[in-house]
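In the two assemblies presented below, subunit A is common to both, partnered first by subunit B and then by subunit C.
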Partner chain A sequence: MKDLILNYVINEYQEDEDDEITYETPLISGGFVDSFSMVSLKVFLEKKFKINIPDDKATPEAFDSVNKIVDLVNGYTK
Partner chain B sequence: MSYSDKMKTMYQEQLETIKNAGIFKEERYIHSSQAADIEVEFPTGSDLKKVINMCANNYLGLSSHPDVIKAAHTGLDMRGYGMSSVRFICGTQDIHKELESKVTEFLGTEDTILFPSCMDANAGVFEALLTSEDIMISDRLVHASIIDGMRLCSAEHDTFKHSNMEHLEQKLQLHQNKRIKMVITDGVFSMDGDIAKLDEMADLCQKYDALLFVDDSHASGFIGKTGRGTHEYCNAIGKIDIITTTFGKALGGASGGCVSGRKEIVEMCRQKARPYLFSNTIAPVVVSGVLEVFNILSGNTERRDKLEKNSDYWRKGLSEAGFVLKDGDSPIVPVMLFNAKLAQDFSKDLFAEGIYAIGFFFPVVPNGQARIRTQISAGHEIHHLDKALEAFIKIGKKYEILGLTKQEIIAKYGL
Partner chain C sequence: MINIGSYDERIKNFSWEIAEKELEYKKGDIINIGWYCSDRICEMGKSEKIALYYEGFGDKEKSYTFNDIRLAGNTIGTFLRDQGIVAEDRVCLFMDRIPELYLSFLGVLKIGAIVQPLFSAFGDESLLVRLENAQTRAIITQRKHLSKIRKIIDRLPSLEYIIIVDHNPAKELKEKEIPFSLKNSTPVEEMEIYPTTAESPSVLHYTSGTTGQPKGVRHVHYSLISQYLTTKWVLDLQDDDIYWCTADPGWVTGTSYGIIGPWSLGITQCVLDSGFSAEAWYKFIEKYKITMWYSAPTAIRSLMKAGDEVIKRIDLKSLRHLASVGEPLNAEAVIWSEKVFGLPFLDTYWQTETGSMMITNYPGMKIKPGSMGKSFPGITGVVLDAKTYEPITEPGKVGLIAFKPGWPAMMTTYWNNEEKYKEKFVNGWYLAGDRAYLDTEGYFWFIGRDDDVINTGGHLVSPFEVESALLEHEAISESAVVAKPDEVNMEVVKAFITLKPGYEFDDDTELNIMNFIRKKLSPLAMPQEIEFMESLPKTRSGKIMRRILHAKEWGEEIGDTSTLEDD
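Let's turn to the complex of A and B:
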């Protein structure tokens, strides 16, 4: 799951190949993902893992790195 | 009164946080008309300083043009100061319709509707045209007003990487079952100065049966051989379904904006766009001024040609001096400094040298992409550009960044 999310994030949000994105890279506070684009990330996670992430849990903090996203998704998968 | 001490403290703390983050915005008071040479009071209370303005959207130098001022005076005399009404009650004069026709002719579209600003046009257009059955697919770097407009609309939204046509095509495939797909972009991107690939986007929209929306605020009047805008530059006249633009930049610089495009789409805005329905009509004095701007532009291309020459001269000068620039073919020339503090200090030093250009940094531009955004005008003469160049080089030497690459500047100053 971790690599799947990382690959999605790289394919979707890496604009400049000089900017490396790893599991720990701050995505929102690092400026890779803006709050508007975060919505499509949430939709991707919900569709891919067949989960429902409540809007109040889909915070910029919860989406701020691949590792944090994995924790978030794990909280909603059975 | 319910403005308690608790609330007051809360706002004071929030303002303090903004100040501590180094992103508190301060106005600089200009004591002259908008032009290449301006007189500025900054900091507040200090003596006036004569500086060269390198950061106005006054691309064609028409903001204080005598013919535009004269036409505005005539408009004031003939049609009054205000209309005290929205358009559809009793706020539409003959000159409003005349301006809509002029814009339609100039942009090569089918019809046009005026809005109080382009911000309002962008705030109203998506909600008027799309529902929850539809999708908006926008470039990641579109202007904030488009983002706000999309937020007001119930259609789904998605984004594609900046000017990345492969990524756009992936998104069009992903959303191909939506009722209406609208691809949304700026014509010229305001922070980077690069130009959207409208020809390729129009082809993709044709292939996937999508509408194409362009905000041409930083292009109308000067991009393209006769200044029609990005669609002229990209040989895509007639292929853009919706163009929004402003009269607050090259086209006189006062205020007002519009949606121009397919006849039915413009009519839908007239029936449903909330900023059109619930906000005052553009003042007659502004409409008269913009009409004169179009008269000037229809006569010849002298001003946009001068702007192009000035922009080339400026870009070449900075590049030869060894600055890192963003590539582009517009009068927006960003000088990349990458580090936010360096951008702020550089701007401050420029001001001391009599050059007014602002540093931009996160969150206005992505983190680690701080810059000084310079904007060239047909109102600049070569001596203005030479003086500005001299100041840039002097300060570039002070910070020892001339000739350095992006990586070297980042290694020296950090992100």
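Let's turn to the complex of A and C:
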């Protein structure tokens, strides 16, 4: 799951190939994913993992790194 | 002591000459915004005062004095001039909020060229239509955005120079691409400032309308007069203030009040170039002891959502004045800010075309939470009857917001589109495109837009532009785009589509369409929701009835459907 999310983030949001996005890279506060684009990331997670993330849980903080996203997704798949 | 003193007294005795005198400008003089924002401040003895504190992702921190920004403006301006850029050439700034964006703004203006700032999250299609329309000659950018420009460069014969401010020498450059490093350039101490006058064009911002392509709003150097005075009286900036405008200079707030206003007053300002996080924002205020904060309702509502606990852990006592712009500020947000910061956010109303604030709330004046406030002194703002275009005097009656033309920062035309420009004026009034009413005390109250343009997070998105881009997706047959209500952004983009034979609407298609628009236009334009329909509602003549879809989203009456195709 972790790599699937990381690869999706790299493919969809990395603009500068010199930037390195890792599991810990701050995605929202680091400017890789803006608050509007977060919606498409949420849709990706919901469709891919067949979950429903409530809007009040889809916060910039919860989406701020691949590791945090994995924690969020795990909360709805278990 | 507040700068404006008494609003009522200012109204009685107002003349734009107040600003002209303070700026030592007389009719017919040279007036160059680049010079006013840097050289003049140095001549006033503030050359060592900090002009800019910058903080970017990865703990990047920099600071620049007014002398530093003067030299940087000279250096960039001279570099552009050496390339052959001349007065009135359009130079696009396509960068994140890095220092070079702010410094290039001054450099371009100093040589009399026109600054065309564009939001760096724009996709290649959004970039193309704006560069094509302006016949832009040079673009200053970062290497991270180069791929978007490379995609469209063949379709832009006017674009001769692609200037990269952070070039990596290990990477190969293509035709027209030129590296430029401010850090490695010899600072230019003296340069000949181009003698722009009041009517010389300065900034070209693009804005979206209901139909047609985005329009280039052309401003002139004389705009400085009202940008200076509104900054002084509404934002109340004083010499020892530390100011933070959260807007991106890709949009008009980021230039009128994120560069010109504060720097023409010699004020220290801060820039945070990172994504949104409530804690990071509050810590930024604490770290730089920000005193005046100009933000947007979407950001304020996001901070409200983040809760009050985080505020208790951070020292925000430096704040003394707050204001907001971009979309109407709801009463709850004003009440919340008074509760948590001890200060209300003062709503300000204006738009790309007006160039400076038009209707606002003022320090020292009674605030009515949820109201837009009153017209700025020198601005004649009214609500017009939608049929007669005569001012409505009856309180509470809704009409069109309009202004008597003639304030300094008013646009002078839409670039290459004089016809659309003329359409903005009726019966001697400039029509803002919004609806409001006046109360018994003369306060304006916002009702909504008078067209289909979507205001998402304070940015205007054209449904036409998104619909056109959707039709370029291989699976889509027809599209209609409307605003959908949203708790944080006020409105977001919603798309209704029909598919071509052989395609099915499934999870992958939806996500694929979203990402297609995000990359092609911008994240703002990306539909936050896509609804598949067997057919779209149309008139008998085949025109898609967007109105019906809009009413459905907002729970409104559908109204007259007599022309509906399948009625």
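The working rule: the second predicted complex is superposed on the first by the 78 of 78 C-alpha atoms of A that agree within 3 Å, B and C clash if a C-alpha of one lies under 4 Å from a C-alpha of the other, contacts with A are read in each partner's own complex, and residues count from 1 in each chain.
Keep this in mind: a contact is a pair of C-beta atoms (placed from the backbone, for glycine too) under 8 Å apart; a residue touches a chain by one contact, two chains touch by 3 or more.
A quick note: this is a predicted structure, and the numbers were derived from the prediction, not measured.
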Figure out whether A:Ser40 sits in contact with subunit B (first) or subunit C (second), or with both, or with neither. both
Touching partner for A:Pro60 - first (subunit B), second (subunit C), both, neither: second
Classify the contacts of A:Glu24 with the two partner chains as first (subunit B alone), second (subunit C alone), both, or neither. neither
Let me test your reading of the model: by the given contact rule, A:Asp71 touches which partner, first (subunit B), second (subunit C), both or neither? neither
Of subunit B and subunit C, which one contacts the greater number of residues in subunit A? C
Now for A:Glu15: first (subunit B), second (subunit C), both, or neither, which partner does it touch? both
In the superposed arrangement, what residues of subunit A touch both subunit B and subunit C? 12, 15, 18, 29-32, 34, 36-37, 39-40
Please name which positions on subunit B make contact with subunit A in the complex. 140, 147, 150-151, 157-159, 161-162, 362-363, 366-369, 406-407
Given the complex, residues on subunit A that touch subunit B span 12-13, 15, 18, 29-32, 34, 36-37, 39-40
Which residues, counting only subunit C, touch subunit A once they are in their complex? 57-58, 96, 121, 142-145, 147, 168, 273-277, 279-280, 302, 305-306, 456-457, 507-508, 510-511, 514-515, 518, 523-524, 526, 528
Which residues of subunit A touch subunit C once you look at their complex with the stated criterion? 12, 15-16, 18-19, 26-37, 39-40, 43-44, 47, 56, 59-61, 64
